[in-house]
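Inspection log for the structure reproduced underneath, given as structure tokens.
Chains here go by letter, A, B, C and D, matching the order in which they are written, and residues are numbered from 1 within each.
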């Protein structure tokens, strides 16, 4: 699969993941005692990455950790107020551990603090908060996400050219961080001109509309920096529809994007936020309940698949476009999930 | 001359909106310094086809004295359902279309029956319906949209007949057909009448409930067609592609002169209503106005448009 | 209660019954539902929505609708987060600022409606978009910090209820008396029954409509203040769901969208019902995918039963 | 010359050379009117003559396009009806202006509720409303919601509402159009009383009786112009009508049919509606007019609705052409070629948001279409014919019906329903608000229809109409038929006799006999 390729970035992180993995197995040896009650807050089910995150968590909980955890699911629909209410509900239900992906950097603080005050362990998965009301944070560096793509793009263009940027949804912290990361890189290159910086909601269709409007306006576009999601695919299609030559575009480690790059023989980079972080979260939950010492901030560097060569190795030709490559789910499970 | 004046005053043709539409186009051309080709305008019209079609449906719901907040969810659902059924194979296009539209008809039927037979407020019923549909497609997809649209079907959105986009032609053809039905058939007359006053319609022996139900079915079917069109445009299954269409379709209808009280408005107004919205959107992307700026100007423009339109209508009546 | 007040309050009866059935069913089916902690949560969660529902209610009574409450709420969280700083004084200042912004938005809505004759739904959608633009300029993502002392104050519990919900309840009591027993309140109902006739009877319709929208904006802004304490930050999108939800709460509570019919009492029950649906489903462990369907069905089906009896609302 | 017929009153208000245009259409031109203390002016004229418009101008509801209004000798311009009312001018409208979802009391006291400061005292409010009603002479439940009231009760509420402002000038626009005889008499008594208190009255009515009973002076308008003014004591009914119509005119009902019809078209046997209406036996012979009279609220409304399928007969049999039928909805009724002119034109008869054309044509969509497509020529012809046949005054066929004068709206309802070529015609107060001339035209038309074989049942509270038009009269009392009189022999006294009490018990006996 591509998870190994995806992890090419850093070996130290690999080992770290493994160590916590060992932690998990050791706890299972002791485990005849009661299962721990985990409250998992599904932050969103509106895109394939968030679904894969949920599915991978569920698969882990039902297979690798079936005899150790008992999970209560709530769903927040990417809505802060709903998320706060959901976490309050989980506290009321008396769970042992709460695993959540905060939709906002500050909004959850006091609610999480309340959970900790009740003696509940709090694990943040795939998104950070401003504050320290948690026991463990497991994520990648979002700023790095933006910067990695930007650096690669600048390299491809030899430090000069006209760029368009496709952003996610204004107002989300992920969006802001990735954008900041990219802009910091671009600022260093005076010959890089950003001709347009538009929101396309991480959405394929929106990106397509926005890109075709931009193509109609700007006769010269040398590169596309995208926040990922399925936006890059939309941009590729609108370039093709407008009959323009494809240019280097950044994207996320989504199978469809990789396929498109391979099929069109174009240069690209896939930056990824792996969904196997869920396994780490479950491990951490067990360790915390066993009273073990865990690292408070586990920040993994982003996974990158740069250039055609790596892409050809990494993608799943026979799987759906929606699969995200940073996964440990077996292929048959992926096939089942993304049927 | 007097006759002309009278005809103008008492005509229910929405001249005002067309004037506004022309003004917007002018602003568009001026502010882009002519860098934009007519082809691009046609391209805009092409991408407006789904909104155009669903807005006609919304207008029909408004004419029936109701409102349909479930069109957005319906569009999203159709996208997911037809993409997963077709799944890239052109021989599955027909079943994909039929099943999608069948579902839409059922949704419209449920909306209509609950609203008329249980005397519930359309706002509440269609909003709840929209939540149910959303849940339905979450259950159906388990959160993972899958499937894609075969090339041959995507022709609907991407093909051109001569210098006209196929999508636009389809939209206009549907418009002609529906406009004919609303203006020239007994059904259309009954719909206006029943929308304006269900009590009087019932006393006039009209099957008032049936007419209103049929209007909701029609609205849902049009949302379904818009969903198919949008799917042909998007090409893949994608979550929540229709969300924005609910409010936009209402805005387009109202800009076009439809009233929330029923029996007032026309499809002739909805067309420029839709075009005004999409041209504006495109203009702002082209001018590089940020997302925040887009909200600002959208708010401003819709309010001003409708205000001017209201003024016009008052003068004419 | 006399006169039409009785009838207006009666409109709330179905929602009370639905709420009763929901609570009874949940209490039997789920043991965690009954625990005090959970009840406390429900009360806290209902506070913001129930306050917005008052705003929406007033506007619905005059036959309008206010879709801009969502942006007003977001804007208000932003103002509080930006200006509340660290003393109670500045916190108070930020609240006043938020209320003023709400009133201003309401004023614009009102002017659009009375002088430019724009349908309420459209002008309020326009101001909603416009204000959202301003929110995004001020704060592209969430940010700022709500005065901790102030946030803590609103979360202080007296018994099982926190200050927020107590404030909400107080506002309901106030709104109830204002709407049913004062000149202003009766004028609102009269306008909802027929603007032209109200005008003929010497009611200053335009002025009243303006005031109602301004009050609606202020109440929504106040809901935003409560919300800001809950999320401790400002956020440009956090209010988004409240526009639809507040209308739904009012309508579930028997308020007619054609104006002149219903009571704030119903809106309160409506708001609690909407809050409860989520809570109950979490408690019963219903799969997230089915939560939507269940919510939609509860919304319609529960009231369908009563609607047959309710007087035909055209 | 003036002093000769004017009751010694001081002039309160004068309207001088008033004109009004709507979108360039002149509906009133150069009309003057003078109101004096203690004097009652009758304002008469055909439908659409401009009476309501004139009154709206002197009561602030409309601004004159030209001309001046003087109050107590000083020129004024009323900013609004409220302004006028504050200056002592009250207007009980023809098109009632009541709040459906509020109580009678709240409606009457709207805008001047009693209470301390911002608070309203509901109890006191309803007490005061009750007092006002009593002052006028009516007993009503002030806590009833307006949406549950009968048209007569609504009209009374409207009058009470106007009276509650303590006016110096009280304008009534067709106050008796929904009232029965007793209720009208009460109103006349009230008007007498207020005239003695030096209040000035203007009354618009199409009923000559109203005018002669209350007013001392008459002003006639025709086509928006002033045509005649005189003390009523010096005029005759015929003279007035000829002034209104513009030619000599005789107030006569069309000739009754001479022979007795053989075939029974509709017959109801032992019909019952709900718990109140029982034992109804009615025969409607082909080509005759059957009138149904009686005091208001004796079950006429329930019966008429049941006949048209708007309510259900809960007992008894309904025969058409000797065959038993089930009529459960208006659609069923229409299928049996029944037409029905409803009581309340605004809520049941017309789509106010739509045009004259669309309303007139609403019942003949099938006839005017081929394969479901409308035939514009046929429709235009039908519209034009409908407008002409009843002399409906419209600016343009595509004008909204809500812009028409009250009587013209009523004519449109009538026109719409006879367009279906019915065999059976149920009429509910068909001439409410219609002017004298049009009334007679409508009567002639009804009679003409019966000659062509249409059977007509007319529910009316207008005694003259009942007697003048009907071939056969049934009188209802407490939900039963209390008497049956042939139209030829009917007199007011006989009808009153039956109306006042249940005449004999044999009505029931008769019913059971024939079953």
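Simple rule for what comes next: a residue touches a chain if its C-beta (ideal position, glycine included) is under 8 Å from a C-beta of that chain, and two chains touch if they have at least 3 such contacts.
Here the structure is a predicted model, which means the values were calculated and not measured.
Chemist: With centres defined by CA atoms only, which chain is the most remote from chain D?
Modeler: Farthest by centroid: A.
Chemist: Please work out the Cα centroid separation of chain C and chain D, and write it as a whole number of Å.
Modeler: 45
Chemist: From the mean C-alpha coordinate of chain A to that of chain C, what's the distance rounded to whole Å?
Modeler: Centres of chain A and chain C (C-alpha means) sit 35 Å apart.
Chemist: Return the distance between the CA-based centres of chain A and chain D, expressed in whole Å.
Modeler: Those two chain centres are 74 Å apart.
Chemist: Which residues of chain A are in contact with two or more other chains?
Modeler: 45, 170
Chemist: Where in chain C do residues touch two or more other chains at once?
Modeler: 136, 140, 288-289, 291
Chemist: Any chance you could list the residues of chain D touching two or more other chains?
Modeler: Chain D, residues with two or more chain partners: not present.
Chemist: Considering only which chains touch which, label the overall pattern as line, ring, star, complete or other.
Modeler: Per interface graph, the chains form some other shape.
Chemist: So which chains end up touching which?
Modeler: A-B, A-C, B-C, B-D, C-D
Chemist: Applying the document's contact rule, which stretches of chain D touch chain C when the two form their complex?
Modeler: 61, 80-82, 85-86, 97-103, 105-106, 110-113, 115, 118-120, 122-123, 125-126, 143, 145, 161
Chemist: Per the contact definition, I'd like the list of chain B residues that touch chain C in the complex.
Modeler: Spelled out, the residues of chain B in touch with chain C are 69, 114, 118-121, 123-125, 127-132, 134-136, 138-139, 142-143, 198-199, 247, 250-251, 254-255, 259-260, 290-300, 302-303, 306-307, 310-311, 314.
Chemist: Within the complex, which stretch of chain B touches chain D?
Modeler: 6, 9-12, 184-187, 189-190, 192-193, 196-197, 199-207, 261-264, 317
Chemist: Contact residues on chain C for chain B in the complex?
Modeler: Chain C residues touching chain B: 112, 116-119, 121-123, 125-137, 140, 244, 247-248, 251-252, 256-257, 288-297, 299-300, 303-304, 307-308, 310, 312-314.
Chemist: Give every residue of chain C touching chain A within the complex, in rising order.
Modeler: So the residues of chain C in touch with chain A come to 32, 35, 37-38, 40-41, 44-45, 48, 136, 139-143, 145, 151, 155, 227, 230-233, 235-238, 240-241, 275, 278-279, 282-283, 285, 287-289, 291.
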